[in-house]
Structures are given as C-alpha cells and as structure tokens.
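Each of the two complexes below includes chain A, the first together with chain B, the second together with chain C.
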Partner chain A sequence: MLLTRLKAGGPAIAKQGILVAFILFMIAFSVMSDRFMSADNIMSVFRQSAIIGVIALGVTIVVIGGNLDLSVGSMLSFATVLVVDLHDKIGPELAIPVMVLATLCLGAINGFLIGILRLNSLIVTLGMLSAIQGLVLIYSGGQNVDIVDHSGTWFAIFGRGAVFGIATPIIIFGVMALVFHIIMTTMPFGRKVYAVGGNPTASVFSGIPRSRVVFTTYLISALCVAVAAMILGSRVMGSQNNVGQGYELQVLAAVILGGTSLLGGAGSILKTVLGVLMLAFIQNGLILMGQPYYTQWLVTWVVIIVAVWLDVAAKRGRLFSPIA
Partner chain B sequence: MSNLTDFNPVRWLMRNPIWGFVLIVFIFFSLVSDHFFDYRNFQNILVQTSTIGLIALGMTLVMINGNIDLSVGAILALAAAFAVDVQSWAMFATWGNWQILPAVCLALLVGIVLGALNGFIVWKTGVDAFIVTLGAMLGIRGLVFVYTGEQSFYAMNFAYSDFSALSVGPLPVLAIIFLLCSLAVHWVLSRTAHGRNTYAVGGNREAAVNAGIRVGPHMMVNFMIIGFLAALSGVLLSTQMGAATPNLGRDYELWVITAVVLGGTKLTGGKGDIIGTFGGVLAIGILRNGMNLMQVPAFYVYVILGSILIAVLFLDKRFNRTADGGLRL
Partner chain C sequence: MTKTMRILLASCGTLALASAATADTVRIGITQNNVGIDSYQTTYERAFIAAAEANPDVEVIVLDAGGDVARQISQLQDLIQQQVDAIIIWPTDGQALVPAVRNAHRAEIPVVVTNSNIAEAGMEFIAAFSGPNNVQQGIYSAEMMCDALDGEGQIVQITGMPGYTTAIERQQGFDDRLAEMCPGVTQLDIQPGDWNRERAQRTMETFLTRFDQIDGVYSGDDNMGVGALNAALAAGRAEGMVFIGATNFAVGYDAMARGEYWGSVYQSPVDDAEAALQTALDVLAGEDVPKLNYFDTPKITQDNMEEFDRPVF
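On to the complex of A and B.
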C-alpha cells in the first residue's frame, strides 16, 4: 500500500528514503532531548563524524566501482602510528608526506591485486586487513606511540584547530565531500567508475580502462585514510596500534546506509555524507537520552536493515522478497 | 571415491590442493621445530582449531549457498555469556552440576534463534546476506555488551571449566566434538537432499526455484545451523577459559572465512566441501601452532596469514580458470 503510493505518487520521495528517515530521526531526538538541537551539540557531532566520514568518501567510490575495501581500518592504524611516530623523529613537514606515500603504497597493492590481477576484493582486503595489522605491530613493537611535545607543533591544527570558528576536521570533511561529489557527478573519471561498477564487461567494450579505474579507486581510498589519520593523530596526539580496529565496519555501515549498492554502479557521495551523519546523530541522540553506549549498535542494526530493505523494496516494487 | 581401488592420491590432491599445503607445512614444522612432532602437540592443534573449525563447518554451508555470515563472532560471544551466566541464576541454585544443562541448552538456543533471525531477514526482505549479517554483527555485539554490562562472567561451577580438560583415550573431548560435527555436516552436505539443494541454490538460484526448491526456508535452515555451531563454539571456548568476556570471538569471522576460502569454497556459491574446509582449518591451526613453537612473534603471524590468503586466491585464479568469480554481491 504505502509502497505503491510511494511509487505512483512520489518516486522522488521513495528515492530519498534515507533523507526522510534522517529527518524523522532528527525530529524524534529533538523532541526527546532539549540539548540535541543546540548549535554546540550539532557542531560536536559533525566534528566527531569527520574521521569516519572522510574514510567513507573513499570507500563509497570503491564500492560504486563494484568492489569492497575492508582494509581501511588497519590502514588507518598504520597511517596514524606512522605519522605520530615520525612527527617527533623528522618533524611534521616530512612525516606527513612520508605517511601519505606509505599509505598510497598499500592502496596501490590493493589496486594491483584487485584492479590488475582481478582477484576477489573481499578476500584480498581481508588478507590485507590482517597483514597490515601485523605490519603496524611490527613497526611499533606492540607499543603505543605519542607525540611528546604538544605545545609547539602546528600538527595540532588538523584535529584540534578551527578556522572562523569552525573546527578543522569539519572543514576538511566538507571540502573533500564537495570535491568528490563534483568528481563523481561531472568529471569523466566519475562516469567511468559508475560504468565499471554497473557492468564491467560492457565498460570494457566501450573502451574504458577498467583495470586502471579500479586501481585508482583504491588509491583514492588510501588517500582518504591518510587524511583521516592526520585528523585522528592530531586530535589524540598519539596513537594506539589498534586505533583503527573496527572502522571498516562502521564505514561500510555508513556507506550502505547512504544507499550505495554493494552491487556497484550506483551510489552517491552526498548520500554517504548523510549516512555518516545519520549514524553519528543516532549515537549522539541515544547518549543524550542516557542510553548506554552500546545501545547505539543495536539501533544501528535495525536502522541499516530497515533502510536497505526499504531501498530494495522500492526498486522491486513490493515490500517482501519474491523468494519462495 | 566410491570404489577404493579407483582412488588416485595424485588426482585427489589436485582437486584438494589445500591438503598438499597441509602436508607441506606439517613436514616443514616437523623438521624445523623440536617440539612440533609430538602427539600431545597434535592434541593441542586439534583443540585449538576446534573453535574456529566448528564455525567454519557452518560457514561452508552458508557460502556454498551463496550467502555469507559475518555475525558469527558476536553470536559466539552472546552464547558464551549466556552459558556462563545462566548457571548462576538463583532458580538453578539447588541443581548441583545439572545447572550447566539449562545454561548450555539456552546458549545453543540463542545461537539457533539468532541464525534463524538472520535467515528470515535475508529470505523475507531480499537484502543481501552480507549487509544483513554485517548489521547483525554490530547489533548482536551491542547486545553482548548491554547484557554483560561490559564485564566478564566467570564460571563458578568447576565441573564446567573441567570439561575442556577431559579426553577419551588419546583424543581431547573438544577435538571429538569437532570431528563428530565435521562428519555430521559432511554427511548432510554429501548424502542428503538438503545438501544437494544447498549446492543447487548456490549454483543457480533461479534454476533452483524452477526445480521446486523452497529457497527461502532452505537458506534459513543453513543460517540456523551456523548459528548453532557458532553458539556451540562459544560454549566450548568458555569452558576452556572458565569465563566469558564481552570481546570473545572478535575477528573470528575473518579467520573462519579465511579457513573456508583456503579450503576451496567459492564465495559465489555452488562449490566447496567439508574435506576442503577441514584442510583449511587444519592449515591455519598448524601454521599458528608451528610459528608459535618457533617463537615467531604474533605480529608476523598476521602478515604471513594475510599473505597466504592472497597467494592462495592468486594461485586459484591461475590454475582454475573456471573460478573466475569476483564477488558480485
């Protein structure tokens, strides 16, 4: 009933299911907690969501290209430990480029195995998750690393600074989201990624360099992780060697919530931003309501499944699957 | 292999390359480590692999079926928490050692119910199992933390933690449970209608529907089996530790998927068997045990296992051209 009406009366609304859910959540939380809608609170949610958000941008592009990246969590640990450790040894001016290069190398390995050799992305990035986790532990000797001199470094700006009263992580996330959105919607590269993810065979026949496109999506994903590592390392001014553990799942949850299809070929950067914010606001709202931290995971479970269900249902035009 | 005289070991190894790998690492560690080739160490390996192995059996079914289950680690943790906690409920206070029975039954039931829930959602909504069980993985883990209050539970009844030390003849009881379950699942997969349907559904879902297989309930049963096995694994793990921690089973889904893929099961469905999975589980078990004996730092073990997983995928692609299955979810 509801769905037929959605289909007949407002395909636009059906397509914006995530947005509708998001607005409903915001209204519900504002009613239940009077602190929720304060400017301070909203700013702090934006700031906290920046790290997952930046990574999610890259993963969205990988997923639109028809692949997965489960190694981003380990890569985040790697990059954060590296940049924090090198900060004291060679200074942030050198530490940042070295870290970015090293992270891009990991992305290139992913890209080579998946893009060029065409190995299965789930298994490759699963293997990389484990291997990179090991690399981090070897590098750090199992110890946590810290930036000793907090006061004199400009490195703090990435995680703790503010420009015109807006926290730097928000600005970085916002600018990157905008740039990626423009790339994916207006530039040839964006069209190629959609084409490769939508129908790999057809894309090859139409002259798209499929291998190179997939390779590039993994470089982009690694670059995003490097940026996230700068924010994270600068905010904490140190790093545990498992700091990124579990990030890949939260990121994937945000991407899925944003309506990006795991089949590839469909999805949008702006909706991923919406997915990231929705998860962050749910978490924040529940905490303001005095719920224990882990309740948000339960709610996330329900939200993911219902959101994706409605999305799938709208596409097939009936609520329940036709599977016998 | 119906006729033993037809059995050609070379051809068999070609079809099950993982067992060749198992043989190689077995010989390697026997040569380089003084402590590896010892029957007590073999017992160790079997006990160590039993927890991941049990789940891998279920994952083989689910993956042949064309699905995946990422929530097994969380189910394991919740079942373990139930198994340890329920024993100390006041209503069972006078039951003596029998208080273990309702606790274990309830834990296994939790696993079956959560598996059924996963399967039911996959069936009714048509959302991909990857997404459904990813959500469940977060959600059930949240449930574990809420239920345990982020604390560890300790088993007060010593009969419970003594169970894992039992053995029948040369075989530890945990290894026996794992071997029996392997035989049972192997039998289901190779000798029953349910097993044949599992291959059929994973190989070509539409053809399976046309052949009159009720795909939805069928997939649900396989999710219930893996839920049960994950819960069983959780119970056995908590008897080994005499406790249940809320972080129990974290990353297990990764180990399990690694073992199953090493064993030759295809992510795209329709292909795989328990003999391969058993080899995959054993390969990981021997590698971890052997490297541990050689005092390779745990850090390197991660790197080596990750590299092996990717290498196997690469070799599989080179030598098995029909296996051109990139995961298309």
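On to the complex of A and C.
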C-alpha cells in the first residue's frame, strides 16, 4: 500500500520541477553559508518577500486569465505615496480606505480598457505604467513623503508589527496566498479565469462572461497592490515617488518562475509563492556569501533560467526535447 | 504640474521675455536630468527658476530630459539651434553626452555642467563644472566615521545606484580616506541600496543577519541611511551603532535631532541651482572661472546641526 503510493508519488514529485529546483538551491546555499538556514534569516527573507509576494498573487491571476499587468510597479508607488501622505493629514483610519479606493479605480481603468474594450494588455498596462508615474509626480510635486511620528501610530503594525512572534507582512502574505489558492482551485470564479485564459473564444461560447472575468482580475491585482502599499509604507514610514519602479519585472519573474504560462490558462498560486521565495532566497543567499553586486545580478538570472529549464524538463520527463 | 505643461509654460515665458528683451539680456538654456524623480531635483528646479526670475538681465529656457539621454541630446541640439548664450546641463549620462557637448562648443556656446559631472573626454568642451564635490563628501563621511568610532570598529557600507557617478565618487572618497585615516576600522561588506530606502532596509537586514558585530553604517545618502536605521531599530541593535550618511534629507535631519543618526554631509539643492546659474553668468561676463567650481558641502553632525536649516526635501 505504502510502496505503491511511494511509487506513484515519485513521478508526481519529479513533475514539480520548481519545487525540486527550490530544494536544490536551498541545500546548496545552506552548505555555502552557515547563517543561511538560521531561523532569523528565514523569517527575515519571508518578511522581505511579502511586498513582491502579495503583488505577485494578483498578477498570477491576471496572467492565468491570459493578460499581463506591467502597471503594478508604478501603481505601488502611487498607493504608497498616497497612503503615507494622507496618514499625517487625515489619519490612518481614513487614509487606508481612500488609498484602497483610489488604487481600485486605477485597476478598474485597466480592467475596462482590457476586459471591456478588449485592448491589448501589454500596451494598456505599459501605458498605465507611465501615466500612473506621472500621476504620482503631480500628486506629490516630486517631493518625498514621510510619516513624521513613527512611534505613535498603529499604522506601523502592517510593516513592523508581529502577531505571536510572526511578522505581520508574513501573516498577510500567507493568508492572502491561502485565500487566493482556494478561490482559484475550488470556486467557480477560479475555474472561469482558467477557462478565459485557456481559450477565450470557447469560454464565451460556453456562457462565461469573459469581459467581467478579465475586469475582475485587474481589480484583484489592484487590491493586492493596495495591500502591498500598506506593508511598504508602514515598513519604511515614508515613500519616494519611484519606490515601486522595477517591481513589475521582479513580480513577473516570480510568476513565470512559478510556472504560470504567459499564454494564459495555466498556473498556480502556491507555485508563485515558491517563485517569490526562491527569488528572495537567491538574493539573500548571495549577499550572505558576500558576493559583489554585479555577480549577484548575473548569478540570479542564471539560476532563474536553470530553474525554469528544470521545471520544463521535469514536465517533459527529459532534459531536452526537439518537440515541445 | 506635468513636464509638458512646465515646458510649455517655460516656452511661453521665453516668448514673452524675448519681446521685452534688451541688448544686455542673456539667454540661458538648461536641460535637467529628471525633475520630479526625487525631492532634490524638484527643489533644484524651483530654486533655479526663482534665481533666474530675480535677475532682470537673465532669461532662461528650462527643459527636462526625464532621465532619457536621447531626449537630452536633442534638447541640447535645440538649444544650439536657438543660439542661446549659454547652456547648463545636468547630465543624464556623462559619457553619451560628450558629442552633443562638443557640438555646442563648436557653435561657440559655453556649456556649464551642473551637479553631476561629464566624462573625462568631455572636459575640454565645457566652460566649467558647478556642483558638489562628491569625492570630498565621501572623505568627510569617512572622517566623521573615524571620529565617531575613535578609530576602531567594523562597519558596512550601502552605496547608491551602481554605475552612477555620484555613487562611485562618494564610495571612492570614503574608501580611500577611511583606509588612510583609520586603518583600525574594517569594512565588512559593501552593497548597493539604489538610492531606495526600502532596498537599503532589506540590505541592512541581511547585514544584520550576517554580522554579529556592526559598529557603524555608511550610506551614500540619508534616505538610504534612514532605511538602514529602520532595520537596526527593528532588530533592536541600533543602540551604539554609528550612522553616517550624505546629502542630508529632512528624515536624516530629524533622526539626527532624535540622537539616532550621527552625521551627514549638508548639500543644498538651492545652493546647487544658484551656483550653476552664477557660474554661467560669470562665464558669460568673461570672468576667470575655475574649471571645477565646487560649492561648499559642510559636515553636519548632532553637534552643529542647529547652524543648518532643516532640509526641504
């Protein structure tokens, strides 16, 4: 009984290329640095990956739905500047809902243009990337914003607090990942997103409201950005205008590393979490080993390519195949 | 205000002024790096326009390259076409702009480089550089670090954007002076913070995991320095740790007032802008201007901070 289960489990594990790659790299890093596997370090990397991780959850759903979202980086700048600036003006209890609503509006614009008007998501969100950056600069007048009194505000909880000794960002990331995983694997909405991303035409003929589903994926993405902005703003107690610059690429890298297909219709929330953690652990491990910065860049991307290759090879059952 | 609106307004202003221009009015064009990307550049632009408006003999054309070197090159060509009397440039890329600056030189328009210098190959084509001496700033920071640590200890360094001249020069000044002045202070590691507070905070968290004893942190600017301070405070290890920065930001100034931050280098965007305009005017007046015309960026510490205004950025 156990043996047959193990036998069946073997290939199933082998198919989890990203998991295998993740474990291999973790072992390699622990051998090379004795600090790597310390509880402190692991907690610290989890906490650091929460911001990119939360955004990546939303982007995973957008990508499964067959689209892209490149505007999340500047949307993060926008949301963080807004919430930090409003914090000192109207207090956190009002600043947070205002920021969430404003960010959802940006998501709705993306959703309307891509979901309802059916414009190309690459072009729309690339345009939004610049437009939102402009919006941030208009709003802030180019000045950094800061929360003046650090100690006296409950806003600190999102980025700096802890519950039962676990940092709040980790809890937020974990809970959201779990909820999104359940939505995508067991609820009708999840199935619709996979259907729309897998074959948009067929999904329309089978009665799935394609426009509405795509629209909703962009709202979810914006909501994730709003949550990430609370963590970020609270963590540094301030914001620069360009704080989210380049995040969209790191997020996309994590999503792809997790095996979500850019063609849509396939992907998994939990594997995105693995992708996010793997990126964070690689960067952390390289600094722990005292690698200079330029080497880190090079090694990070070599590792990512190897991981993606392992993932694909595991699914094919061989390292190289002339046929996809 | 959007960039386009600003440029439009600047052009309208130019037209209005041009009609009223007298023979002794000088026209100066400025192309900036990336206004609005940070508070320093935004404040610089405001100060520059204010200084120009205060001088009735000066008429300025204010342009912004938006961080795009290609756009800056075409802006330089436009200014040459318009036959302005002098050009001030805040280079987006000190190397790529050399040919465009040479064109201005050939058109006999004096070029003043502001804030961040042009590559060595371009030095013969410019009238002067006006700005902070970043190597000197690194030297100041190293001296403050030595003083604060009494010449003994282990430190880490968080640098600015890799490849950016300011970041390289500050690091160079700091590294050289530290080694020379206090060999008893060792640098455990140097990693970039990309001028980004959150990034610097992450880098510092990793440093704290890696090293049991860190006595001091040098950051390429105070924005990153405050990120490093945040990380140390959160880990409960800030007590007794010396934080030295550069480009004193308001957050750094406040942290200094709270006694959490040791010192920095005071650099005012207003001084920077006014020095650039004055250098251009001096060049046009035929005065003997030093090629490298640095404005003063003094050390600011907890001891002398009340002599300085709280930075506006």
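To be clear about the criterion, the second predicted complex is superposed on the first by the 293 of 324 C-alpha atoms of A that agree within 3 Å, B and C clash if a C-alpha of one lies under 4 Å from a C-alpha of the other, contacts with A are read in each partner's own complex, and residues count from 1 in each chain.
What we mean here is this: contacts are C-beta pairs under 8 Å (C-beta built on N, C-alpha and C of every residue); 3 or more make two chains touch, one makes a residue touch a chain.
What you are looking at is a predicted structure, and each value in this text was computed from that prediction instead of being measured.
Visitor: Between chain B (first) and chain C (second), which does A:Ser121 come into contact with in this model arrangement: first, second, both, or neither?
Guide: In the superposed model, A:Ser121 contacts chain B only, not chain C.
Visitor: In the overlaid three-chain picture, which partner chain does A:Val98 touch, first (chain B) or second (chain C), both, or neither?
Guide: neither
Visitor: Have a look at where A:Ala131 lands relative to chain B and chain C in the superposition and call it first, second, both or neither.
Guide: Only chain B is touched by A:Ala131; chain C is not.
Visitor: Considering only touches as defined above, state whether A:Val243 meets chain B (first), chain C (second), both or neither.
Guide: second
Visitor: Under the stated touch criterion, which partner chain does A:Asp40 make contact with: chain B (first), chain C (second), both, or neither?
Guide: second
Visitor: First (chain B), second (chain C), both or neither: which does A:Tyr294 touch?
Guide: In the superposed model, A:Tyr294 contacts both chain B and chain C.
Visitor: Taking the superposition on A as described, I'd like to know which of chain B and chain C A:Gly142 touches: first, second, both or neither.
Guide: A:Gly142: touches chain B and chain C.
Visitor: Between chain B and chain C, pick out the one touching the greater number of residues of chain A.
Guide: The partner that reaches more residues of chain A in the superposed model: B.
Visitor: Quick one: is A:Leu232 in contact with chain B, with chain C, with both, or with neither? Answer first, second, both or neither.
Guide: second
Visitor: Both chain B and chain C contact which residues of chain A?
Guide: Comparing the two interfaces on chain A, one with chain B and one with chain C, the shared residues are 134, 137-138, 142, 293-294.
Visitor: List the residues on chain A that touch chain C in their complex, please.
Guide: Contacts found on chain A: 35, 38, 40-41, 44, 48, 51, 134, 137-138, 141-144, 146, 148, 160, 232, 235-238, 240-243, 284, 287-288, 290, 293-294.
Visitor: Give every residue of chain B touching chain A within the complex, in rising order.
Guide: Touching chain A from chain B are residues 121, 123-128, 130-132, 134-143, 145-146, 150, 209, 214-216, 254, 257-258, 261, 267, 297-310, 313-314, 317, 325-329.
Visitor: Please give the residue numbers of chain A that touch chain B in the complex, ascending.
Guide: 66, 68, 113, 117-124, 126-135, 137-138, 142, 249, 252-253, 256, 262-264, 292-298, 300-302, 304-305, 308-309, 312-313, 316, 320-324
Visitor: What does chain C use to touch chain A in their complex?
Guide: Result: residues 1-2, 35-39, 41-43, 162, 189, 191-192, 196-198, 201-203, 205-207, 209-210, 223, 226-227, 230, 234, 249-251, 254, 313 of chain C touch chain A.
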